[in-house]
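Naming follows writing order (A, B and C), and every chain is counted from residue 1.
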């Protein structure tokens, strides 16, 4: 193992031929991501201690996590399983053999004095994350995703001049996902992070809880004049909210450009974002951070993953969001935007499919799920699973719109009744509220005759070729029918009578 | 090759060891003596030889054993902190960690 | 009768216990009083009569209940690198003074389950780094054959205790010869099994890819009984533990004894590199005499070549310190172990605690290991050493096409005077030449008492077997011990 990290895709070389992004003050922004995702295993990566969050300090730690003399690591199959699932989800290569190495440095939250990680040969190699940004399709290439152990926590509060060390988090399995520096704007970076978050939560390898640190992003940011060699990058650590992510990157970009414009050189550094000031500041650099003395961990033979395991996993994995979105476009004829929105979460997608299949009206189903339904859910902060209007109800409502029984406005009233629980059965509600559209032409003709009689002036204008006047007559007719008439039918009859 | 006192200082710092001046001198001499021994390795041609990280690998490929994902360790904080130099409310106390 | 209980081996004591001629409590009492009387030897770091006698009582109860297992009620002591619940564990270091482990090492637990009684914890070189037991932070160990001489190391306390009759058996650990060399220098029998045969769980780690536990006792038979109980897969705790069944090593030993040439057909390979100028005349003489005995028993001697034997010294002293520098990083004064009284800030606490807690040799090896792993040197040293390590292991496989067992000296000299080499660490490293190569290859190796050399000091014969061939090694040594009495020789006054 060489100390100079040799990975599949060298940093700079991979940028050849990449499109230039939106320029900021004449500078191109270049962003790469490293994301630490905590895996949803029951036990830790190398011990049988629980990974549950929020326990009393040091109660979820075993001899291995305390690094007691004589303790040895034993690998958790569940962590490997999740790494394979992620690799398949992003179309990456799953290494037949990968190696755990020791990354040596001293820190109180690192009990062994080294972190067990993967260095030269990671378990997941390559792959890409695809998403839409302002209707444009983007693909961010991944360098690698490797398994490693999380560190403990240092608590600084209520200890004068001291820190308290809690090792409950120590040994929690992490999959560190590293991208190429493929992102060209803070917006693209956030869109990538959101898509990655969607993938890992969708396949269930990470709970995605950013407050609890289950999904932690570091952004490597640099700027350059288009075509110039890559600039020196600074790493913004622990971006644990999408909002701060964009703010932090925007500030960092402005700061770097100012430095360069002032003729100062950017020095490689690790910085933290302060949400209060909205600024990034350089961390006090860890001593000798440069010399981790990596070497293969003699306690752990190579991680070997057979093809059969990979194929079994592939066959058992549920449809991925981007695959499902493509299917929605192909099978339901939905616009890509709709498909993207409907596949934000598994439950929403499932709800939509149920409505679309039952009603045979995919576009209407999409409009209602993304429109009225999500509006109500958001207003009451409900999840779609706990929606008071179920897919079957919404489907029959949509069918009544489709077959012309009710108008869109009437449908909203029906939906409201279903939502509030005033009614359960769509047809019953339509009946009770008398929302049925008037389709009896005889009755409608009488009404229209009355309208024509009462609005001689408009009639004249229509005959004189004034389209506005026609609308007025339609409006009058609809009013007279209390909105139950089918506007198309009214139009048709009026045209006939006014010849 | 011969080590310099600067290298000894760098390595000692990496290893979080503090050597008294006289120790630095002694360690420097001993390490230099040792590395003349180590430099015999240069004489061996190892082109195309795979490093042997695990003895059993001589007989064939060794594979990491995987355990099922079951959390079975009880809370063992008390027994594990019996020999701890400084503990408060279940936390190990250290001089303040500054970032 | 109980006056010479300490002359009996494990098998003989077990027989007397099973026959209810003596009780485990009596035997334990006897050894505890001898340990107390021989305290000056420096073999023990910790004893606790209450704990030991309670275990003895429990064993007696099991015997009374009719249980008949081979080791039930027999006492032994553990090298202080095995963590134990009932005794402190220091690994011979000030760093771990008064450390109490919340769990027992797998090996300790298995021997306890087999009914063995723990007499205490045995002195050793600090973190098992040394070959003279002069690196113990607490006290040196004297060689019972000549108290002005070292007992060998790092399992020096184990070897001295058995040679002095303070325990019928002991556990040891062998990273580069730490079972075989002290066994050789004190005239006892010890075996380092194939790497991974005994669980490393609960052994304070020195060099993870080399560390291996093994038994030390008077005879191959006793070692076989102990190894059968110690060894075996520990799949839940040690990822490098071999997933291979362990046979009853003692069972096969008595067969062939009737035959005049029990070792007929056995090919013993002699590497010329093991009999070179570096080896003292008296040692060569004793080893040759022992080999002649093997020929009488039907074995044939063949020459084999292990060309990289000398290189095993630099290779070992790059790999072992590299792993050690990382393994010993956990001793930072945060969760356990020594923390300096005065320091300013975190980094200073680390440096002062570690510098105060570690002795010279440990400091030296951490420095070497950190250096060879550090940026720019990794390929030239660590990686190069791991490559030569493979060549060394392959040379053994070539040799084993020409022979069944490889034999030679364990140590180039008999035990040297305390203080003689300690000023020159490199000289100490050179003395490990015959044990390092098989350690690097992970092969099983034994030391069998083969005679007496200069100053009437014991000389051991090393037997190296191919992977997993512990039974063959023990069987071969057993036949030798049926035909000779070197393993029964005792120091004056024991």
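Here is the rule we use: a contact is a pair of C-beta atoms (placed from the backbone, for glycine too) under 8 Å apart; a residue touches a chain by one contact, two chains touch by 3 or more.
Keep in mind it's a predicted model, so treat the numbers as computed, not measured.
With chains as nodes and touching pairs as edges, the resulting graph is complete, every pair of chains being joined. Here A-C and B-C are compared, and the pair linked by more C-beta contacts is B-C. In this assembly, the chain whose C-alpha centre lies farthest from subunit C is A. Nearest to the common centre of all protein CA atoms is the CA centroid of chain B.
Remark: subunit A and subunit B have CA centroids separated by 41 Å (rounded to whole angstrom). Centroid to centroid, with C-alpha atoms defining each point, subunit A and subunit C lie 58 Å apart. Between the CA-based centres of subunit B and subunit C the separation comes to 23 Å, rounded to the whole angstrom.
Residues of subunit B found to touch two or more other chains are 14, 16, 53-54, 56, 64-65, 67, 76, 80-81, 86, 92, 94-97.
Within subunit C, contacts with two or more other chains are made by residues 99, 102, 209, 236, 239-240, 325, 329, 332, 334-336, 346-347, 350, 370, 374, 383.
The set of subunit A residues touching two or more other chains comprises 63, 66, 68, 74-75, 106, 108, 165, 287, 291, 293, 298, 300-301.
Listing the residues of subunit A that touch subunit C in their complex gives 1-3, 63, 66-75, 102, 104, 106, 108, 111-114, 165, 287, 290-291, 293-295, 298-301. Against subunit A, the residues of subunit B that register as touching in their complex are 13-14, 16, 53-54, 56-57, 61-73, 75-77, 80-81, 86, 88-99.
Remark: subunit A residues 41-43, 47-52, 56-63, 66, 68, 74-81, 97, 100, 106-109, 154-156, 159, 161-167, 272, 283-284, 287-288, 291, 293, 296, 298, 300-304 touch subunit B in the complex.
Those residues of subunit C that touch subunit A in the shared complex are 82-83, 89, 91, 96, 99, 101-103, 105, 200-205, 207-209, 236-240, 322-323, 325-326, 328-330, 332, 334-336, 346-347, 350, 370, 373-376, 378-379, 382-383.
Here subunit C touches subunit B in the complex through residues 98-100, 102, 195-196, 209-210, 235-236, 239-240, 242-243, 308, 310-311, 313-315, 317-318, 325, 329, 332-337, 339, 343, 345-352, 354-355, 358, 363-364, 366-368, 370-371, 374, 381, 383-391, 393-394, 397, 425-426, 429, 440-442, 467, going by the rule given at the top.
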